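This is the structure, below, for whatever I ask next.
Going in written order, the chains are labelled A, B, C, D, E and F, and every chain counts its residues from 1.
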Amino acid sequence: MSFLENISTELQNLIYIFASILFITGIKMLGKEDTAVKGNFLSALAMFIAVIVTFLGPEITVNPYIILAGIVVGALIGSLIALKVKMTSIPEMVALFNGFGGLATFFIAWSEFNSNADNTFQYVLIMITTYIGGVTFSGSIVAYGKLSEKLRIQKGSFITKLFTTVFYASLIYLLYAIFLTKTLSLPFDFYILLLALTLIGGIGFVLPIGGGDMPVVISLLNSFSGIAAAFAGLLLTNNVLIVAGSLVGASGLILTVIMAKAMNRSIGNILFVGYALSSTKSSSEETGEVKPINVSDAYLILENASSVLIIPGYGMAVAQAQHVVRELGELLEANGTEVKYGIHPVAGRMPGHMNVLLAEANVPYDVLVEPDDVNPMMDTVDVAVVIGANDVVNPSATEEPGSPIYGMPIIEVHNARTVFVLKRSMSSGFAGVQNPLFFKENTRMLFGDAKDSIGGLVSEFKE
Amino acid sequence: MIISALKSNNSGDQRSPIHKDTVKNLLDLGIEICFEESIGKGININDKTFEELGLKKYKREDCLKNSDLIITNQALHISELALMKKDSTVLGMVNPFSNKDFIIECSKKSVNLVSMEFIPRITRAQKMDVLSSQANLAGYVAVIEAAKHLSTALPMMMTAAGTLKPAKVFVIGVGVAGLQAIATAKRLGARVEAFDTRDVVEEQVKSLGAKFVKIDLGKTGETDQGYAKELTDEQINKQKELQAKVCQQSDIVITTAQLFGRPAPLLIDNRTIDKMKPGSVIFDMAVETGGNVEGSKVDQIIDRNGIKIIGISNLASQVSDHASLALSNNYNNWITDFFDKESQTINFDFQDEIINNSVLVYAGEIKNERFK
Amino acid sequence: MEEYILLGFVLILSIYLGLELISKVPSTLHTPLMSGANAISGVALVGALVLGSEGQLQNILAFLAVTFASINVFGGYLVTNRMLKMFKKK
Amino acid sequence: MIISALKSNNSGDQRSPIHKDTVKNLLDLGIEICFEESIGKGININDKTFEELGLKKYKREDCLKNSDLIITNQALHISELALMKKDSTVLGMVNPFSNKDFIIECSKKSVNLVSMEFIPRITRAQKMDVLSSQANLAGYVAVIEAAKHLSTALPMMMTAAGTLKPAKVFVIGVGVAGLQAIATAKRLGARVEAFDTRDVVEEQVKSLGAKFVKIDLGKTGETDQGYAKELTDEQINKQKELQAKVCQQSDIVITTAQLFGRPAPLLIDNRTIDKMKPGSVIFDMAVETGGNVEGSKVDQIIDRNGIKIIGISNLASQVSDHASLALSNNYNNWITDFFDKESQTINFDFQDEIINNSVLVYAGEIKNERFK
Amino acid sequence: MSFLENISTELQNLIYIFASILFITGIKMLGKEDTAVKGNFLSALAMFIAVIVTFLGPEITVNPYIILAGIVVGALIGSLIALKVKMTSIPEMVALFNGFGGLATFFIAWSEFNSNADNTFQYVLIMITTYIGGVTFSGSIVAYGKLSEKLRIQKGSFITKLFTTVFYASLIYLLYAIFLTKTLSLPFDFYILLLALTLIGGIGFVLPIGGGDMPVVISLLNSFSGIAAAFAGLLLTNNVLIVAGSLVGASGLILTVIMAKAMNRSIGNILFVGYALSSTKSSSEETGEVKPINVSDAYLILENASSVLIIPGYGMAVAQAQHVVRELGELLEANGTEVKYGIHPVAGRMPGHMNVLLAEANVPYDVLVEPDDVNPMMDTVDVAVVIGANDVVNPSATEEPGSPIYGMPIIEVHNARTVFVLKRSMSSGFAGVQNPLFFKENTRMLFGDAKDSIGGLVSEFKE
Amino acid sequence: MEEYILLGFVLILSIYLGLELISKVPSTLHTPLMSGANAISGVALVGALVLGSEGQLQNILAFLAVTFASINVFGGYLVTNRMLKMFKKK
């Protein structure tokens, strides 16, 4: 049954090719600052074309009104959410939408299972599509919950462990479903069980991962939903689904890797460490959690700061980052931010070490301030950027009488609204003591060589 | 409590133990400060200025007689101790290793003695570390002096009248003074190389953009205070030999190698000097503790076949104003940390690491093992 | 089967292309790109359109698939667009 | 052709008119070079070195007698001219404005005189410009000397013993010497300000990263040679007054204002000096041509209420090696450009702008209008 | 008829997919220094697999012995040429091989024309394949002749014009053959005429292009032969032909563009200027034309340069660009480019002006070279970057006796392969004289404040 | 026709991929890359193998096509390899 006059399959396929090209071009353009908006538009156009052509094609069997109704409902809900949502909660929205996309594929696979699971190849496809779609859905929903802080389940809690176990069970069951159910007959509806396990397993997949890693996970889930769509395309022998789906699958994967790198994490680390370490975590929990940040997020925060305090230390000297640091300072000022440099008397390894380097880089003297002058107004500082300094910003010098550095006046960056600490690892400074600053609520660690990190920020500003 | 600041009894020392920019801290504690007349001469601060700040001017004798605490940049004459009140305190740079008599006399006269040279190298005591604060300035002065005596300019200049090559500066011993020397020479545009026996120094040298000369001497080390350990004879010889090559190509060699409480190692002998280019300058910063350079003499410029060997004592005194500022801050920080506002006295708490290290004599007793 | 092979070809080429396209992306664009890619993955909508219709369950599944895919598509594109516009301003 | 290089007859001048790195150029032209014994003493080059390069050592007298061209860094004694061959040439820095007798005597004795001070400021002659090459080094030396005499360090240092403030350096007159002084002071980490009457200088000061002090004096200007025009009395007074404010806050003031062939303008008078901080240093680079600073004396350090006023003559001679290298290059470039290889003589072509300017006496005739 | 036992079409196609992946991977690896050898090997492996699979496949109709004979003869000839040829004449060998590849497609198309030119689509494909194959062949042979200097026909000569005219005629005839011959019947064999015209036209395509531009032309012809192979693939419905051919076609095209840019030419310029401008070239040479360039093009050229000379002048000091300049130098070096700084003795406004600034920016002394040292090797410099210098690079100092700066030795950047001049306007320097350098053929003006321009280049490198 | 469309798909995706793959190549590799690509274009050999064989002309054409394509393939890979080896040295 067809709604309007049919167009031929050939024509449909030709137009699919065209839409695919648009998708490719769109996603390529999305990757560049100045063409991104246009790229998004092109990809939306491609989607529009693909949908229209399909709708006019000969394969439609469902009542077109049902379809239209679905589209209208979906469009309304989607648009409303997209336009109403606060800018700050965009990441969780993406997670939500992504979950719905996964859910759609889940239903597609289900439907296909019901209608034509005859040949082995298709059967396998259906199992996989179901699984990926389902995991994407429930995983995304959990990610949404975590990001919007509606879901407050501890990483190490019992519930988490339970769900994680179901996740592994669901994986095993999937394998079983693929290889065995065709030959063995079962006393119950194995597929319904797969559906259920999948949905629950997805929860277990994301639950043990920390909130800070959610962006990476969302990107991964996004890649999954692309792969699911591609498999659905194979199932339905639909070109445009295959192309668009696998494009998203692949580019999402790359993006995931890039994002993880920017956060100085490996994907394996993100996905599995939470689970594996959940038992041993409790002790380190006390000192708090280290929250890494990547360059682009740091940039976004700096970009919106109205006062920034830069605290250079020995690490800046080692990285010979003084020139880029000055450049960053200048760019911030050009951006309307007030920039000061907090120079601790013993930063570096010789008296006046920072002065030598900053003078070399032409940082004017009048933006250099001493701890005594800056500490009282620290709470007006939006972002304190600690560049390779450690001991001189270590709060235990004031708080922990036992510490070897106790008694040294420090630059009290922990009182700033946000603190970025740029260093290469969690290792300690000259005095060899751990720094509680790194675990504070308002601290973000930007790992990497200081020159590279600052260089990254500078490029961001210049783009 | 009454604190008196004394002039250096060494005419070459221009520094003052107090500075107009720093006295306020002590006055705020309720301490009365006296000073020996014309104490600020070397730093262009006249007595009136100090008096206007609320300090009292006295003769040296009167200062000694009336004070609870004496601050000074040089050890006093032994005879002067007799003038002092019992259980009063002398605080300052007293060069304990060459003034053992003075220490003994203090214990006899029951005058407490605080040697700021013995401030331990712990983080919290950095603000009192006079050795660092003066060595730092000394490193700067050494380069300015060496530059003055060199017959070429330090930076490279490519000009219409030919290319003037940059001077090569080689810094041996990269402690506080060495680092500042590196920084200053780098600033002036010289090519700077440096060497030290301690391994950690390599990164520090690079952190100033200079080059570290690698000389493998086998196992070397540093004490828990960050001072270098003494080398074996074999190591010293190896070092000398390999250093000679770098010296040969250098226009300025600055040596700063010191060993806390022991004579400085001889690092540059005449064999090396004779290989150097005429017109080069060797600046021996360790000259006061025996010298790193063969033939270097305190406060003399020796000319050996066109090579100038400079030894200047009390380098920091050349920038007397900054040196005094730093010193007075160091002293103030010590006093402030151990001043008991209630009793208006110094709290000699030997549990405290700083007191334990820096107080050589207390209540008639020599406290430091080395001088017992 | 011949057709499946060609489709497999298309799949593999697309994956390759996807990997190549996103090799150098400024980090400011990570999130918008993710969001844009997410919108594209709503292409499942096309699949949802051609589902079978025998039986009530099938119809319900088709409706749900279409609805959720539409949310993904519309929401995704609009959110991406908003995000990109925000970047434009500076 | 025989060229002889003479030692300076002024004992304070360490520079040599030849340098081991530059003689090769002349030798390659087939010129024979002689030198007065121990000519390289001030730059640590001994006679043997020169002889090994193929030069001949003679007594001063013999040099004078046998040469076709004499190169020298100072005017000769008038009596010495009698020894010279007729139509031979003297080339060098002969300070013509203070040696008018010498010029007249040259014309009488029919000795040609080339004053390198009169090299015109055209692009092609930059390589012979002795005033620039020496002023450049002088600017560097002035800062090193001033730094040495200042009782603080130039760079800022934020240390555990307090913050040492950077010195403020004020450079008045930004010609070649002033620019190099700015560059050197900036290198050392001082805060540098500068002033000059010529407008173009503002951009140049900024191009070194220093601050230009704006003082509006109305119409000022420069000659076609790039030298500053003399100011009216009114302008000078205005300048003094406004400058005084900057001087007051400065630790080092370096004055370089000169007017070609006329006494230097007096820019800093006692009223200004008395407002300055004790311990400050004023370096008068124009001291030889009359001085920019009231009370400055050649080769003396005057202490006026704790303010040191330094006047050193022949600053470039302090870096004698580089100064000699530059000078000898300048001389060589002149000789090479006008040497006729065929006839092995200097080609005195008065069509050429450089010859026309720099040759004061030729064939017994005074060529330069100023000295006729 | 099949030589050995047949393998199924399905299996063949699966293996084709595998070979295609190998091709793709191979060509990607060829584009990177350290994987290039392996890439070449992979692509050779892919070729081997594809050929074997085809040979064992069901579609072989020609007598296998003929095929084997052809392969053996070809292998012998190809290997001999490849191994015997002198390293210096490799470019012309590539041209020759490429021509043979084109010839092979030409024969394929011809053969297909004879056997099954029935449906329109195939018919059109055959015409195009014939044409591209033929032009590739004869064009490559001409390129070979030019490069090996066996062919010495002047760009502007009559023969060249004649052949060029035939080339245009052949293009028109191709269009005619595509659109009209199917409907009109002709008195002569139109296809034989196409074959002939194609071969002669190819000569006319390459003949008017200068010998220096041959590498770009060969790259273009290489792209053509790829396209021809891809069309042949469509004709024979052979996947691997399509993939490999279009890969080569597309990457060859990009490579052509990159190479043209690296030579600072546009493709249009290369292909058509020789023909069009051969008459008017003489007069504009005198003052010349100012050729501005933008940051991104400058970047591309710098990116591909293997030796760069930076010549700073007073403008760099005014712009206070020393820090970014150093950064650019470092980035270039990281990119494998050799970087030197040519310091003129009177650059700037005081003796040693450049030294002060470059030392401040931490440029090491040993990369600073004097004019005397750099001038003799100037022709090995790929790009001379003149940053705010003017008088010190003014050739009239050596060439124009009347000029006020005549007699001053200069840095002879005009002898470098390409010169970038960074300044704000066309205004003159200290000496107030016009600079003929700005009008030279190999000079590009990058207008703007030096700090901004260099900053722009730095950002490009960082992206 | 369906097959042609899929083949067209493959064609277009491959072209896209080709364009993306070679976006940043160091200039030293321009010639080897060109040469390597040239060798790949000898894939026409695969086409030559499956040509028709009715008649003498066809057989001759097939033989010629195979021969020339083989020259391209063998010569191309070998030359590329030599060239790359040369680069390796430095």
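Here, contacts are C-beta pairs under 8 Å (C-beta built on N, C-alpha and C of every residue); 3 or more make two chains touch, one makes a residue touch a chain.
These numbers were taken from a predicted model, which means no experiment stands behind them.
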{"item": "Topological distance between chain B and chain C, in contact steps", "value": "2"}
{"item": "Contact-graph distance - origin chain A, target chain D", "value": "1"}
{"item": "Any chain in contact with chain C as well as chain E", "value": "A, F"}
{"item": "Self-contact between copies chain B and chain D, residue sets same or different by half", "value": "same"}
{"item": "Chain pair, A-C or B-E, that carries the greater number of C-beta contacts", "value": "A-C"}
{"item": "Distance-maximising chain from chain A - centres being C-alpha averages", "value": "D"}
{"item": "Distance from chain F to chain C - Cα centre to Cα centre, in angstrom", "value": "34"}
{"item": "Inter-chain centre distance, chain A versus chain F - centres from mean C-alpha coordinates, in Å", "value": "41"}
{"item": "Chain centre separation (chain E, chain F; CA means) in Å", "value": "18"}
{"item": "Distance between the centres, which are taken as Cα means, of chain E and chain D, whole angstrom", "value": "56"}
{"item": "Chain A, residues touching no fewer than two other chains", "value": "20, 24, 28, 239, 243, 320, 345-346, 351-352, 356, 359-360, 362, 459, 463"}
{"item": "Touching two or more other chains - residues of chain F", "value": "2-3, 6-10, 12-14, 16-17, 20-21"}
{"item": "Sequence positions of chain B contacting 2 or more other chains", "value": "126-127, 132-133, 136, 155, 157, 159-162, 164, 187, 189, 209"}
{"item": "Each pair of chains that touches, named by its two labels", "value": "A-B, A-C, A-D, A-E, A-F, B-D, B-E, C-E, C-F, D-E, E-F"}
{"item": "Chain D-touching residues of chain A, taken from the complex the two chains share", "value": "343-346, 351-352, 354-356, 359, 362, 365, 368, 370"}
{"item": "Chain A-facing residues of chain C, complex", "value": "3-4, 7-8, 10-12, 14-19, 21-55, 57-59, 61-88, 90"}
{"item": "Of all residues in chain D, those that touch chain B in their complex", "value": "14, 22, 42-46, 126-127, 129-130, 132-133, 136-137, 140-141, 144-145, 147-148, 150-153, 155, 157, 159-162, 164, 184, 187-189, 277-279, 306, 318-322, 325-327, 329-330"}
{"item": "Chain E partner contacts - residues on chain A that touch it in the complex", "value": "320, 323, 326-327, 360-362, 455, 459, 462-463"}
{"item": "Residue numbers on chain A that touch chain C, as the complex places them", "value": "20, 23-24, 26-28, 30-33, 36-37, 39-41, 43-44, 47, 50-51, 54-55, 57, 59-63, 66-67, 69-71, 73-75, 77-79, 81-83, 85, 87, 90-91, 93-94, 96-98, 100-101, 103-105, 107-108, 110-112, 114-116, 121, 215, 218-219, 222, 225-226, 228-230, 232-255, 258-259, 262, 294-296, 299-300, 303, 456, 459-460, 463"}
